[in-house]
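Have a look at these structures, which come just after this line.
Both of the next two complexes hold subunit A, though its partner changes from subunit B to subunit C.
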Partner chain A sequence: MNIHIPTPLRTYTDKQETVSVDGATVAEGLAALTAAFPAMQQHLFTAEGKLRSFVNVYLNDDDVRYLPAKEDSLVASTDELTIIPSIAGGCTLTGCCR
Partner chain B sequence: MIATATETAALPKLTNEEIARYSRHLILPEVGMEGQQKLKAAKVLCVGTGGLGAPLAMYLAAAGVGTLGLVDFDVVDESNLQRQIIHSQSTVGKLKVDSAETMLNGLNRNIKVVKHNTMLTSANALDIFKDYDVIADGTDNFQTRYLVNDACVLTGKPNAYGSIFRFEGQASVFATEAGPCYRCLYPEPPPPGLVPSCAEGGVLGILPGLVGIIQATEVIKLILGIGEPLIGRLLLVDSLGMSFRTMKLRKNPDCPMCGTREIKELIDYDQFCGIPKPTELGPLEVSSHGKTADLPIVDGIPQMTVEQLKARIDAGTAPFILDVREAHEYQIVDIGAPLIPVGDLPNQLHRLTFPKTTEIVIHCKSGARSQRAALFLKQQGFTNVSNLAGGILAWADRIDKSLPKY
Partner chain C sequence: MPLIIPQPLYNQLRAHGEETYPHECCGILLGNSDADHLTVCQLIRAGNTRTDSAHNRYNIAPQELIAAQREARKHNLDIVGFYHSHPDHPAQWSPTDFAEAHWFGCAYVITSVDGDKTTGHAQLTNSFLLTGATEEDKAFIPQRIEFDSPASK
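What follows is the complex of A and B.
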């Protein structure tokens, strides 16, 4: 499967925007990603190994949190995972772009 | 789609001048006379007049939205003009709400601009929102994002949301009756420092234009009740690939805001987002030696001021200074410190060949990335790591005014 990496996290994937990994489930795909790029671990997962609440993972156009099997959902090699972290930018108020 | 404050029966008439002005709308069946009257009756609040708010407010003014509220407390800075096209060189140094009003009045004298020259807070948000039909969130920080969301849910106003980072943007419509809210998408903000702000990360100047105009489009659709607003959908914009994708968003039944509704009033959003109270010392409080033990501490990292660092350098007791910005920023300006970008630190630790007890002061542009780097080095066993509060911008402001600021 291909995993789309958002701009803020590309620092940790050698600037790659798409990473191709093997895995039968969403969880296996993410594990393969963090195995290839260990710095991603702390950005995607809490110390307890739970996906962080400000990082959303989509399987194609569905939020994994709302799939029946969640992170154990099966993934075909043609499927795409997209990581969507929250971004606050808009450039006007406190602390930004002044 | 939304009930404007004025009933359809009592929509305001258009003057002959307005009919001429809006003729390209009037001949569109989907807008027409009634649609243009709805626009005239509508009241839209733009939270922020920055990169997103600038094109948003300008297109809404051009389209004839009758009342435009602007919330901003900032002053126009030269570095804003790369993207905030509502401001101009002649208004640098003026209040953003005044600068924006000048532009909007020049564009369309038929509309009313209401200025809220204030920071949006838990204390004033509900009061400001109650007079508007649609809220457009063009802010740039998580505290205000959650504040705008919660105030929209509590007052029942739809939120035309847009957000940008470097080359990517997001847009959606939150807080409608049936649709999800921002907390359904992201229940919690990231811890401070983990996601760089756009002052830290940069942003392509035209990107907020692109996303702000998507927000404006959604606002107009909500007012007119046409098309399919981005309710329950998150639009992802990638300006480099020039690709647009939409993801499905669900209303979370357990959402404490719009699901269970257990949050019944606005909260302290600084606390919610883990933002510490300001700790930077003013110039009067600078100690002559800047002993680490006396410095304010954030997450276990002492925060050194630029005056303290300068005093240490002048006294010949300079600590090891490390710059953790990116190489392209180093090309703009530096203060002579060696460079290891924060993202490369884990792979470049071998370059720090001195003992782990060595005093290190880390700096970046304004202090956020260097704080992260300091936490990382501390985790790696370095025992005497400080963060330079305010970064190279503070250095250029207060120590060496000959340096450029970016």
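What follows is the complex of A and C.
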């Protein structure tokens, strides 16, 4: 499968935008990615091994968190995984920083 | 590291904030980056999914980010930043902006839009570069905005 890497994490994949890995499930694909690029581990997962809350992983067009088997979802070699950090914010009632 | 943006795109992102006032607008900046510059080549408007609190919060759906990333790939570009507006608040990052910023090396452009809760006018536009590499050492630093005409390339 191909895993698409977002701009800020390419520092840890030798600038590669797309990484091709082997694996039968989403979890195996991510494990192969972090095995090849160990620095990715801390950026994708918490110390407890959970996917960080602001890191979204999509299997083709589906959010892995909402798939029935979640990270154990089966992946074909032609499937694409996309890692995409969330983007959010806003001017809260507490005011803005200067 | 300055943010280089064609004036028409700069005008478009400010106009977006006026259109959505009194709600926050948001969008994605596509372009190129090197060690010294972030250059914007294309702007993609995004919907604000925070309809529950759109006057002071924004969120871009991951599906829109993925579509933007695919669009960028087609044109040999990258996502280099994001923009949003602060209705009736300064063009400065907020604690929420900082807490929810995770795109290191990217620009976060903020436009203040002042108005009477019905019609808003864009005021200041500032850009902040998210520096650092982890949630623990990240920081927003002010980033100079420079204008570049597409015709000059």
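Everything that follows uses one rule, which is that the second predicted complex is superposed on the first by the 86 of 98 C-alpha atoms of A that agree within 3 Å, B and C clash if a C-alpha of one lies under 4 Å from a C-alpha of the other, contacts with A are read in each partner's own complex, and residues count from 1 in each chain.
FYI, a residue touches a chain if its C-beta (ideal position, glycine included) is under 8 Å from a C-beta of that chain, and two chains touch if they have at least 3 such contacts.
Because the structure is a prediction, the values reported are computed rather than measured.
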| item | value |
| --- | --- |
| Partner chain in contact with A:Y66 - subunit B first, subunit C second, else both or neither | first |
| Touched partner set for A:S53, first subunit B, second subunit C, both or neither | first |
| Touching partner for A:I87 - first (subunit B), second (subunit C), both, neither | both |
| First, second, both or neither for A:T11, with subunit B first and subunit C second | both |
| Footprint overlap on subunit A, where subunit B in one structure and subunit C in the other make contact | 6-8, 11, 17, 43, 54, 56, 58, 61, 63, 82, 84-98 |
| Touching residues (chain side subunit B, partner subunit A) in the complex | 48-53, 72-74, 77, 79-80, 83-84, 96, 119-120, 137-145, 162-168, 170, 185-190, 194-199, 201, 203, 208, 234, 236, 241, 245-250, 341, 343, 346, 366 |
| Sites on subunit A touched by subunit B in the complex | 6-8, 11-12, 17, 39, 43, 52-54, 56, 58, 61-63, 66, 82, 84-98 |
| Contacting residues of subunit C [partner subunit A, same complex] | 24, 26, 28, 33, 50, 53, 56-60, 62-63, 65-66, 69, 73, 78-80, 82, 84, 86-87, 89-90, 92-106, 108, 133-134 |
| Residue numbers on subunit A that touch subunit C, as the complex places them | 4, 6-8, 11, 17, 42-43, 54-56, 58, 61, 63, 82, 84-98 |
